[in-house]
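Here chain A shows up in two complexes: once beside chain B, once beside chain C.
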Partner chain A sequence: MALPRSPYNPLTHLASLRLTLVLLSLSIVLIFVGTLAQVDHGIWWVVEHYFRSLYVWVPLDVFRPVFWPGRETPWDVSFIFPGGFLLLGLLVVNLIAAHAVRYKVRAAGGTLVVGGVCLLVGAGLYALTVALPTLADMIQQDVMLMLGIWALPTALVTAGAYLLFGGRKGGIVVIHLGLILLLLGEFVTGLAADEGRMQITERGSSNVIMDVREVELAFITPAADGRERHVVVPEHLLERSAKTGEPIEHPDLPVSVSVDGLMDNSELRTTGFAGGDLRTVDFAAQEIDTVSGTQADRSDMPSAYITLRGGGETLGRQLVSVFEVVRPIAFEANGRPWRVVLRFKRTYLPYAIQLHDFRNDTFTGTQVARNFSSDLRVVEPGGSAREAYVKMNQPLRYDGKAFFQAGYLQHPLNRNTGTILQVAENPGSWIPYLSCVIVTVGLCGQFGASLFRYGKRTAAQGVR
Partner chain B sequence: MSKTLPNTKSAEQDVAHALSRVLQAALPMALCVLLALWLLGSVFTARGAGTAEGFGTFDYAAFGAVPVSEDGRVKPLDTLARNTLLQLSGKQSLVEEMLLPGEGDEGRPAIVWLAEVFAQRPEARQRAVFRIDDPDVLGLMGLTVEDGKYFSMDQIAPHLKAIEDQAQLALDLPDDERTRFQEHVIGLRSSVGLLFELQVGLRPHVLPPTAEGEDWVPLANPGTGTLAELNPAAMDRETAVSWAELVSAYRADDPGAFNSRVKAHRRLVDGEVPDKAGKASFEQRFNAYRPFVKSIVLYLLAGLMGLLGLLFRPMLSPGWARSVWRSGVGVLVLALVVHTAALVVRMWLQGRPPVTNLYSSAVFIGWAVVVFAVVMEVISRLGIASLAASIVGVATLFIAHNLAKDGDTMGVMQAVLDSNFWLGTHVITVTLGYAATFFAGFLALLYILLGMATPVLDKKSARLLSGMVYAVVCFALLFSFVGTVLGGIWADQSWGRFWGWDPKENGAIMIVLMNAIILHARWGHLVRDRGLMCMAVLGNIITAWSWFGTNLLEVGLHSYGFTEGAMTKLLVFAAANLVVIGIALAVPTRMWWSFRPKPRPTGEPRSPKPHPAG
Partner chain C sequence: MRLSLALLLMLVLPACGERGGVVAYEVAAPAAYDWPETEARDDAAEGLVWTVPAGWVAMEDVSDGLIADYRLPGSGEALPGRVTVSMIMGDASGFDANVERWRDQFFFALPEDTARTVRVSPVLPHLLGTMRTAELHGQHQGAAVPTSMLTAVVTILDRDGRAFATWFFKLAGDEATIRAAGRALGEMAFSLRPEGMDAIDLSGGTPDPAPDNNAPDAGNDPGTDDAPQP
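And now, the complex of A and B:
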């Protein structure tokens, strides 16, 4: 079954255990510097540059928080290091090659048949649990139920592996199968998972999911039957215009836009206040450092300065910002009123979610949150509705998405005026659960066997 | 046994031999019985010890058991007193510097000070309970480091305005731009504020609920913030009267009235919240028993006996060697019993699984290592596992003692962490992973140190020890992997993201990878015993980083309290481990004392095979 193990077979080198050790060691170093990098950069930035990349230039400055508390003057020296995708990819190749070269099927005859059947039936049952939509739903809802359902196929797969590969290697085969599944899950998550936020004010409703990692510039004008028309410029176009200075033009846009400056994170200061009405305050924005991964619970608040030009006339340089206190730019073009806002990237749901009530309980005499919860109602366009209660550690699962209680909106004057839900969608979210089960069984089998052998050996030596 | 008997028929020698056998059997038993008596006896003396006697006739013990609600938890005044004093001064009781002239030099329990604070007695202002280390903060008050470490409210009061102004300036800055001076000024301001809130009756919430749906309330009105205006919610509570009476009895220095008022107040509170009052009273006894201090003493004793037993084993007869070994293991088991009992009591008081914060993780890691070690010791009987456990036991409890300075060690949980299911599965498993990795690392340290610097690690012991390290690493991988993945599943259940690469997750996965590296290197025969040990020592550094380093990154570099300078301690720990690895790799094993080729015994041919460590 196994391929010949000769120096001329390239698989022999790919399968080398030395390569495994080198790759695992490099992974530890990468994760360490990726952690340190979060002192200066946002977690998503680090994930993109360190963990979901082929290589990364690591500045020596990342080591300074640990070794040199003073960080005023950067060193500006970097070294190149393999990125997460490269290391992970090589590890998978190494693992598969190792199995091809070193893991011989030891069984023959009846054992071979029984082992093979166990393995296949187990795999088939796994596939069945995942493929049946109702079952997949059930799995999402109840962890214990899922473990119960996966007990039989896991037992079959484990038995199959032990029968085929023998007592010393069967457990390792099971462990590695689970690990490959875990990595596959991360791959699916990287490709297909999405997450965003939803804000609903009390007694209001919303069908908008915001992605706080990305902004968009929206041009909004009234349309027929009380609706609105939104023309949206995505972030990459804004960035390009900010870099090249070229204006953005499109038939759907009433004017052309050039971005004079796009700030990934900003703070506002007031520049003018006509007195009386707070709505007449003018603001200026200035760029500040992006939120770093070690500062939990904060997110970047981008702003931009843009110039709008239409029909030969310019509206001048104006501020747009995700801060809601900054008023939209209003103008008229071709006889229609328009307003322009910078906002977090939106996705619209085909149904709406209403918030009846939001509760924020704290522990007696403290500001420590005891529980946040929201009374929600999901309203489909047809009019059918479903009540839901969401609190910490208890999300609403609907339409393949999960709505988690993440925080609350606080109006400057009165408290608890709305809820913030984290919305996550990940078709591969069950994979790590299954992988955890398989690897745990494999590890227990493998180490149980070693412990047994160790105990027998120690007893045989008859120490004292 | 029989072959070790001296080959003689003399009756005298028989008697001497029988006597030494009796002594050998008696030593461990006598030692354990004595220590057990001490442990049991302290249970009964714990209530009085250090609380009631010698400080007038005030019944501080009864007063310390009065339940109050503070920071979201019902606790006895004794716990409040200890924690508050710890926050202000870094001490759990009034030490010599905080005593007033004429009070002698014997320390007093913190509850004495708290009673003075509540009663607004002059002593409360005169006691030097504020610890100030920063020379610039001292300079602000016209003082220098030569004036001491501890200062009283009377000394600070004239400078309150300056402190407040500086603190306000500092508070306007983002956390990471503050200087050391500014952090300390903010710390001093909050300490002063804490004392003020205790004095005016804003803290703690002393009045229990009288009906379903009500909550504990403080005596003062939180709206106005002074005792001058009684909290409207407290008006119709009977306990408000009994509390006021006991405080004024103390102010009037009338022990008789105070003691009877304390009893009356406790009867009322017990009637309102019997469960909580019972727990609070138990917690006070638990505090007075100081189980972790007792455990530290026992671990030290067990460690000392283990070390001596190991070093002098070649000189002892096998009978005595076993007697000393039994004594050491017996003391270790006693320490474990106390440690376990304390862990269980904390779980019962809190109604939670054992690990809820950094403090309890230190207590739990030490406990788990000792449990692993006792199992390993019974299997291997080398005396090395128990020595490693004694060291880790002392170290972790000492770390826990320092972490306690950050506040209540049984504080309430943030909403998102408030899940006994996940605290009981993910947190326990991943902490067991830390514990097993540390245990393997400390066993490896002992292998290197004993192998190099002593002759006690013979061939057989070395082989057993290396098998032990391997087995522990296996468990470490199992626990750290399962714990890490369960953490991901918790995250997926709580906010829909299995893995987010945040510092704590990264720390956990680094431990998993390190253990995987060790096992793969050993399975592939790429390392022998020496290499295995060096890698296991490396695991110490990685685990310490995951445990503390990531927390240090999160709180920033200028944090106040224990974490200050913790990064330096972490680096020293890492450097020490690296030095051991460096020396172990630099010195060839044939030059290690234990593995030196022995001079050829007469009549036996020299073994052509190399020694097991390589």
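And now, the complex of A and C:
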């Protein structure tokens, strides 16, 4: 059943072991330069540009140590390098091609049918375990339960592989299945996973997840029944307007907006003071270096200068910033009051999460943190509620999201505390676990079979 | 080969997709926290009693140095108000020195304009001595958002007119919280009285604990006419 290994068959080249080694070597280099790049850039920037891309321009500066004289003057020389997605994709193709060329289905007749059925039923059961919300939740909450649920499909897949490919190669096929799943899992995570942060003060409530890696420009106006209408311009449109100077126009926007300058990270200084309190202070923003991967406890604070135009009039060049002390721009258009803010990208949940109590336990007699925990309540629009307790490494899983205890807030003035939850949504979060299970079974099967054959051979020699 | 190409395209094409444009949506405020309903009641410490306004929730774990700690209802994104009660024997360095200390804790954008953001009341008569209030609007050191603080300072005088003890009723939150709860804080401070004594009827009104005077030293005049007489 294997395809012919001929130099004229392109699959032969794609299946090359040399290609595997080259791709693995390039992956190691990519990880190395990606790690070095975190000296100058944030972790998420590096992940997006180096690992979740098809190619990357690597500046030679990454190889200059921070103490190197003159490092502050960039060399402005870069070289192109394959990105993480390209290398992963080629590795998957390489692995599949290797199977198509080198691995021959040895089974025939009834064995072929039984092996095929085992493989298909096993794969179907895997799909069932991750598709049913109840089982999917159980898988992620308890390792032993996960192993128990996956025991039957793993046994079926392993049996199918051994029946189809024989005792010598069955284990390797199982290992490769696990590896392919692992590689594909990174694509699912890279393309579909989402992450954000939710902040709730004690005895407060929130339904907003903020992504501090991305900003958006929001035009907000009151709507009926105490609701608010938000018209949101995403970051990539702001960047495009900043580059080209073209105004952003849309039927939902009350005015057109041009971005005169977008700063990835900024600091504020005061330029004027018109009235009696902080609300009347004028600020100016100045671009500063983005937060690097070595400053994990900080995040970039973007600002932008924008010009709003509507009805032939302009509101002038104004500052918007994620710094909350910068006042929203207020104006009226079509008889409605609007305010404009630059904010971290928001996702509104249909339900709210309330914080009863946040506890910061320390080891007795010290200030060393022992545990952070939050007593939460999830309130659905209909009024139904679910109580939850979240602590470090024990997240709340709800609505396909995991709410992890990430930190806490304490207001410096009134000492009110609050909780910071890291909210992760990753439809492929189960894939690495399943890959590990399959690879482990494959390794045990392959080495076990070799050991068995070795023992048998030695016993036979002993008899002779 | 076809399989390989199909797989490669399947993996690469989603990454090249067009990103979203301008979006519009409506949002509602999150369901408010189920705040426990409390009625006005008396709290006591150090032989004195004060009346806690309805709706304020007393915290069980009170930090060292505080006598009482109350939380005010607030929404998720606003800064919920907090009221603390503390007491220091003597004059606690005096009212003006305390205002200066609080002022130093605030960032006021431009230092020369700090006076505009600090408002103090005249000296008001109190059952146990005198009372003054200080209101500060600015940005507290380390805070990311504008913050406000209103403190009612009750100085208990002995028979010789010297300060025997000083009680601080401090309300902190955003400006809206101060506006909404400022009068209730003033009434709580006015209600400070010896244990066993009935609460003073404040239905006739109390002086505004944060009068609209901008000068920090404008409050040295003795009492106002509409203050409850001891």
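Heads up, the rule we're going with is that the second predicted complex is superposed on the first by the 359 of 464 C-alpha atoms of A that agree within 3 Å, B and C clash if a C-alpha of one lies under 4 Å from a C-alpha of the other, contacts with A are read in each partner's own complex, and residues count from 1 in each chain.
Criterion: contacts are C-beta pairs under 8 Å (C-beta built on N, C-alpha and C of every residue); 3 or more make two chains touch, one makes a residue touch a chain.
For clarity, every value in this text was computed on a predicted model and none was experimentally measured.
A.B. asks: Under the stated touch criterion, which partner chain does A:Leu147 make contact with: chain B (first), chain C (second), both, or neither?
C.D. replies: In the superposition, A:Leu147 contacts neither chain B nor chain C.
A.B. asks: For A:Val93, using the defined touch cut-off, is the partner it touches chain B, chain C, both, or neither? Pick first, second, both or neither.
C.D. replies: second
A.B. asks: Which parts of chain A are in contact with chain B and also with chain C?
C.D. replies: No residue of chain A touches both chain B and chain C.
A.B. asks: For the complex, which residues does chain A have touching chain C?
C.D. replies: For this pair, the touching residues of chain A are 9-11, 14, 52, 54, 85, 88-89, 92-93, 96-97, 100, 184, 187, 191, 200-208, 223, 225-234, 236-237, 248, 250, 252-253, 270, 273, 275-279, 281, 323-325, 348, 352, 354-355, 377, 379, 381, 411-416.
A.B. asks: Could you please specify the touching residues of chain C with respect to chain A in the complex?
C.D. replies: These residues of chain C touch chain A: 1, 3-4, 7-8, 11-12, 14-15, 19-35, 57, 63, 71, 73-77, 79-82, 105, 108-110, 113, 116-117, 137-147, 149, 172-173, 175, 214.
A.B. asks: Taking the touch rule as given, give the residues of chain B at its contact with chain A in the complex, in rising order.
C.D. replies: 69-73, 203-205, 215-216, 218, 322, 379-381, 412, 414-416, 418-419, 422, 460, 464, 467, 470-471, 474-475, 477-478, 481-482, 485-486, 488-489, 492-503, 506-507, 509-510, 513-514, 516-517, 520-521, 523-524, 526, 542, 545, 549-550, 553-554, 556-557, 567, 571
A.B. asks: Write out the stretch or stretches of chain A touching chain B in their complex.
C.D. replies: Per the stated touch rule, the residues are 17-18, 20-21, 24-25, 27-28, 31-32, 34-36, 38-39, 43, 46-47, 51, 65-67, 69, 143, 182, 185-186, 189, 195, 293-294, 296, 362-366, 368-372, 392-393, 395, 402, 404, 406, 422-426, 429, 432-433, 435-436, 439-440, 443-444, 446-447, 450-451, 454-455, 457-458, 461, 463-464.
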